[in-house]
Amino acid sequence: MLKEFHETFFALNCPYDEASTVLFGAPFDSTTSFRPGTRFASRVMRAESFGLETYSPYLDLDLADCPVFDSGDLELCFGNTALALADIEARTETILRDGKLPLMIGGEHLVTLGAVRAAVKQHPSLHVIHFDAHTDLREDYLGETLSHATVMRRVWECTGDGRLHQFGIRSGARAEFLWAQAHTNLHKFNFDGLAEAVAQIGQAPVYFSIDLDVLDPSVFPGTGTPEAGGVTFLELLEAIQLVSKRNIVGCDLNELAPIYDQSGSSTATALKVLRELLLSVTKTSGRM
Amino acid sequence: MLKEFHETFFALNCPYDEASTVLFGAPFDSTTSFRPGTRFASRVMRAESFGLETYSPYLDLDLADCPVFDSGDLELCFGNTALALADIEARTETILRDGKLPLMIGGEHLVTLGAVRAAVKQHPSLHVIHFDAHTDLREDYLGETLSHATVMRRVWECTGDGRLHQFGIRSGARAEFLWAQAHTNLHKFNFDGLAEAVAQIGQAPVYFSIDLDVLDPSVFPGTGTPEAGGVTFLELLEAIQLVSKRNIVGCDLNELAPIYDQSGSSTATALKVLRELLLSVTKTSGRM
Amino acid sequence: MLKEFHETFFALNCPYDEASTVLFGAPFDSTTSFRPGTRFASRVMRAESFGLETYSPYLDLDLADCPVFDSGDLELCFGNTALALADIEARTETILRDGKLPLMIGGEHLVTLGAVRAAVKQHPSLHVIHFDAHTDLREDYLGETLSHATVMRRVWECTGDGRLHQFGIRSGARAEFLWAQAHTNLHKFNFDGLAEAVAQIGQAPVYFSIDLDVLDPSVFPGTGTPEAGGVTFLELLEAIQLVSKRNIVGCDLNELAPIYDQSGSSTATALKVLRELLLSVTKTSGRM
Amino acid sequence: MLKEFHETFFALNCPYDEASTVLFGAPFDSTTSFRPGTRFASRVMRAESFGLETYSPYLDLDLADCPVFDSGDLELCFGNTALALADIEARTETILRDGKLPLMIGGEHLVTLGAVRAAVKQHPSLHVIHFDAHTDLREDYLGETLSHATVMRRVWECTGDGRLHQFGIRSGARAEFLWAQAHTNLHKFNFDGLAEAVAQIGQAPVYFSIDLDVLDPSVFPGTGTPEAGGVTFLELLEAIQLVSKRNIVGCDLNELAPIYDQSGSSTATALKVLRELLLSVTKTSGRM
Amino acid sequence: MLKEFHETFFALNCPYDEASTVLFGAPFDSTTSFRPGTRFASRVMRAESFGLETYSPYLDLDLADCPVFDSGDLELCFGNTALALADIEARTETILRDGKLPLMIGGEHLVTLGAVRAAVKQHPSLHVIHFDAHTDLREDYLGETLSHATVMRRVWECTGDGRLHQFGIRSGARAEFLWAQAHTNLHKFNFDGLAEAVAQIGQAPVYFSIDLDVLDPSVFPGTGTPEAGGVTFLELLEAIQLVSKRNIVGCDLNELAPIYDQSGSSTATALKVLRELLLSVTKTSGRM
Amino acid sequence: MLKEFHETFFALNCPYDEASTVLFGAPFDSTTSFRPGTRFASRVMRAESFGLETYSPYLDLDLADCPVFDSGDLELCFGNTALALADIEARTETILRDGKLPLMIGGEHLVTLGAVRAAVKQHPSLHVIHFDAHTDLREDYLGETLSHATVMRRVWECTGDGRLHQFGIRSGARAEFLWAQAHTNLHKFNFDGLAEAVAQIGQAPVYFSIDLDVLDPSVFPGTGTPEAGGVTFLELLEAIQLVSKRNIVGCDLNELAPIYDQSGSSTATALKVLRELLLSVTKTSGRM
């Protein structure tokens, strides 16, 4: 008898209760003000993931040894931001409650807010490490407070001063940069200062949010708002290594918009970042 | 001294107070559930409009003789549907109050609701003529009542039974087609029955909404949800001629998503529909 | 506990043993001599299928009432044609043996050979109805007998003279057209003669193979070898209706190459053809 | 010893002195005012021509029996219109002087002027049959008299009143349509009147110029200025048949801009038009 | 009453007489011999500029504080090079005569010649600093002396030996490199030697011409002739900083061809270079 | 009389018997398991090669001085791998037997096997230097031993242990990396160790195979399986210089798939690599 058809990230097939990391997609881009399209990221990444090796020659580790469960994509309501964020928060809470690590694939960066709200409930002393080209610190955008352009301001409302650590930032309004001086730990352009930040955080719980546009558009043009002057792929891998040694309780990868890179190269790069991230943050009980 | 730079549709330069028709763009697609991109329609159409002749060999009329004012694009808030609709309603009201005909360029089809709300306030006995591939008659979409998939249900709430006339419809849920039998004047696949509907409406005020996906995807692939089996360009021109003989008090053209047709042909076709529509509905005081 | 993630055509979820039709993808295009890319058809169609309504206003039928099982895509070996055909034959045999109707999504047209080989074993008196722009009747192609350009010659070897009925043919070598006069029932350009052919076949078992390039490139540019002068979408629907009244024992839909139509319109059209085909050939036990 | 590599249209290999028709490309688009790109037409058509059968099921004729020589592409100077036209005129003159039929692949439509200048020198009583979406009858364009937008006005200067027969025209300035009433034989929208025109021309020498944008953009989006409402592929074939029965002394095919149709379908259609044209106008000494 | 619609670069709205820098577009690419398309650069850049922040975290300066006027695009005659250059020269002269700094957006690189001709009239001792991948030093191109491939030779005719400083050059004919040794200050591959050149120029008037293809194609593929081995975005910013400390009397940014980079990333990068250039060269009367 | 039309790489026109290097294309990608398209590489490269200067400012050498013959593209049978490899082997043997250097343009990487088989027959002590992102060392792929994924394993069967030198490798199965430790000289990520390898090889005959995906996808996205983290263009040039000082008896350039980079930048980069390679490996008898 023919079995049902499953397509999962990297063809992973670990059952939910044996998994220590749980993937899910959050296809939502309703508040994107420039060029939408990140809603297609998780679907396209999953489909293309069969083209990537599961073994990392960087880490000498293999996803085949990694207990990861792909719980598929949420069905989110375009045009109703509050509802979409509530769905994301609920999924994240379920995963956290089951003692597993949630890894969300966005979507626009606003999806991070849903996940952070769930994480901070369980971990009130949460730090957030944020890689991005953009500040995302506006109080509101055309009057709306829930927006891709305000998400880190809303995250800061969850964590308070000094617990939001931003790296790679190279675009924003002057007022945002000024506001950041008082409230966040903002590092311009690259990962300078990351080692110090990570050391200072120690064993506090960390939510790790990667906006892939932190990468230079040369290697990652497939995003709504490409910003020249970003970090290289190898710099990002090294930074992920640094962060993943902390006590990660949740993470996400955002802002791939596959349609803007018809070479498929941005998707392939996002997948490789995902592989390295999964290999770095997933707890195993006996990796070589 | 160098003058300021103006780019308008077809390089039209009639002043506002001499105009009888007023164009505006409504770049909004936050509730689009499948493929977004209609937010770019008005901008791209305006830019490409210089490649189209202002003279119509079909009508033997010229836009140069047409008192049309281009009032530019609204700046709408992505992610806040109610706010966006209110802005559209306000712009439409202003134009109606000044005794002019509003012609809106969407955007997703939901933008029609803002304009109809303004029109029905001034014209309580309003009829709506609706060309579309889709029913757009759902009560809600994933719980949200303001959506591209529900817009004609909301319009019906403004007009009541028997005043919403739908043509070209070839896609929808079974329940929508059933509901339409009791409440709207729905015609499947093409413009059969249009002459009768138009005769019956007589001189009642009419809002005229054209979802360009009523066209066959062969001539109009540049839209979020292309539906094979649509009408031809010449059938659409003829239908516009029929409708425009009525008492039109407002109209719109929706659902061009330029990014999905990189040949530019869909944009060129949308512009030609716009030209013919402008020539047909604009009041002049002495055209040849 | 989170459940496993399933993506199926049109989100169909009928279990295998209750299904009367079984879908599968045959992603193979190794012998394509001009432009490859049909290997991506089933994957892209499945992903895009959620954008299409399950209800057909043409037939007033709904896929929700149709017992169809999606058994996913075969993993075929690029570069080893014989092996790939054997895998297709095996899958088809399993479905036929379980008393169900196989519906295969290609791939290049050669995949039909695998399915016909299975069908003719069970139904030695098999007829084949073939919609296509191309004859596909060469004896060999650069010395190779298993090729997209020879597939109908190989099919003829299974059925013998007078049982292969070809429609819409508008491209081929002169020698193929001459050969067809003696051996197949070839109709040029359109569906003229289809009603007669169908009447003549009567209740004999029929394998129904649709090469989507029978459609005009205006509505279906997304294929390796577009041939101007094809049939319209509505003509194809009508022809499918005619054929599906026969005793269909297997069918397929081939030659969508999504990459060549970046508007997505060809994929949407292929899906609508698939919906109408499924609604027409699937046996139900009590449809309205 | 390895031979030199030749790529010709349809792999034609008839020597020059045995040929009765001579092909050449005129890759020039310097005066295109909207979207350039026709310079790539001949190169792309030649490369793609190996994907098209040489046999026509419409005419039951084969290019393999047709004495056609491909003389390659001219190297024309972008930015120097007069020089480019002179090169085209010279090539056409050579071919005419050798008693052969020149068939030029443009390029923008202005290239026709070079060929007509050569033809009218040899055939002072020349008629021109012109298929096009556009009038091309301006006196000048931004002050320049040699332009794609003025080419038929310049051609008229070669032939005089009543010898320029225009078909399919659906775009132009009002003044051009008015001017045409006095000077050319202009037919709007389609081929109505072609049979009469052809009968009237009798055995006078005819230059036959096909701007491929006479086709509807649904089947031919790959052109700089697509104009909805054009003729179908089969209507064009039929019209070519009508014209080719006259005394054709030169012909051209223009305005394919491959980059605007990434499906390749426009190029394939242009090639099929070219095949049918070659089969219709080439003199053979004993075709079946 | 509704106001007229203005779309300007970065939504700048400084009046002409208060501006110290004046932008204009020069959409011209008639002499481009390989791949045209730079004619669309200024239009697309203006449209996309609303997606870029006006604040520079590199310079800690904001365009909102910069007195810049956007005077729109010239309407240039394709196919008549001399006329187009005269129009550019006239516009540049007007701006210079009014004591303002002209900043031109090309177009192909030939447009620089029009601007330099105006500048050298007012500043006979003019130096030209030229960033480019190409030498652009041919005497003629297929017999034509006004060409993108000859522009710097023509510029040299305006300035004389030793006043043309070229950087980043990595493509050209051997003869051009040899000629440059005697007449220009040519630096291969990168900006080595720029500091020395700038020091040597001192306070002499400088025209600053940036061909954006000096950037590596990885970050700037959207150009007609991409040349691997170019400079990085940050190297270019640094070099602009160096040059802008001189007495700049005119500048331009050339050779973006948006159509060749459908990710939009090249346009975004060009805009960021423009922002940094504007912030660096615009005179303000009291910047922080 | 008009001459036949020739299009060759860089318009090279050296006759075969005067040539020391012979180019040919091997358009084959039947076994590509992810994204096909390399079959178009040689055709597109040849067509685009006229946009590239023949002079190298890196080497101060010019292709005009290089005795290179372009023998065109093989016509290979898609779907019959063994036959295709035999054709490649035969062409390579002919060139080698005539004492010339074969330079093959793929195609997928499997084409290398045909050329190596010919080379090792003439040079039994052959070394192979292999630049690639991928190991290509599988024993079989889905049961097939002739595949792009197994090609270097098959090459190793020709050369034996210690004669296959791999550089830039950053993707493969763990088992392949382990196998390589015992059998090949594999260097991960970049060209570290190349100087040593080259020194060790000394004057032994070398076949040099460049899979262009060794380049970073930022500069070379146009390939089937882009792998982030690759080498830069300048690093590749330098490595080519190192290798070409050895006794090169054959070489190839593979895996450009032009369709995946619509900017044309990958093709331009491939051509520049080809130019530098030709200038480096071609024997001349008296270059300046």
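Going in written order, the chains are labelled A, B, C, D, E and F, and every chain counts its residues from 1.
Assume a residue touches a chain if its C-beta (ideal position, glycine included) is under 8 Å from a C-beta of that chain, and two chains touch if they have at least 3 such contacts.
The model shown is predicted, which means the values in this text are computed figures rather than measured ones.
Repeating the E-F interface, with the same residue numbers in over half of the contact pairs, is the pair C-D out of C-F, C-D or A-B. One finds 41 Å separating the Cα centroids of chain D and chain F.
Chain B and chain F have CA centres that are 56 Å apart. For chain D, the set of residues touching two or more other chains reads 216, 218-219, 261-262.
Touching pairs of chains, sorted by label, consist of A-B, A-C, A-E, A-F, B-C, B-D, B-E, C-D, C-F, D-E, D-F, E-F. Across the complex, chain E is touched by residues 29-33, 36-37, 39, 75, 77-81, 83, 141-144, 146-147, 259 of chain D. Considering their complex, residues 34-35, 169-174, 177, 188-189, 216-219, 221-222, 225-229, 260-262 of chain B touch chain C.
Looking at the complex, you find that chain F touches chain E at residues 51-53, 55, 57-58, 60, 62, 216, 218-219, 233-234, 237, 261-265, 268-269, 272. Across the complex, chain A meets chain C through its residues 1-8, 16-17, 22, 43, 47, 69-73, 94-95, 98, 262.
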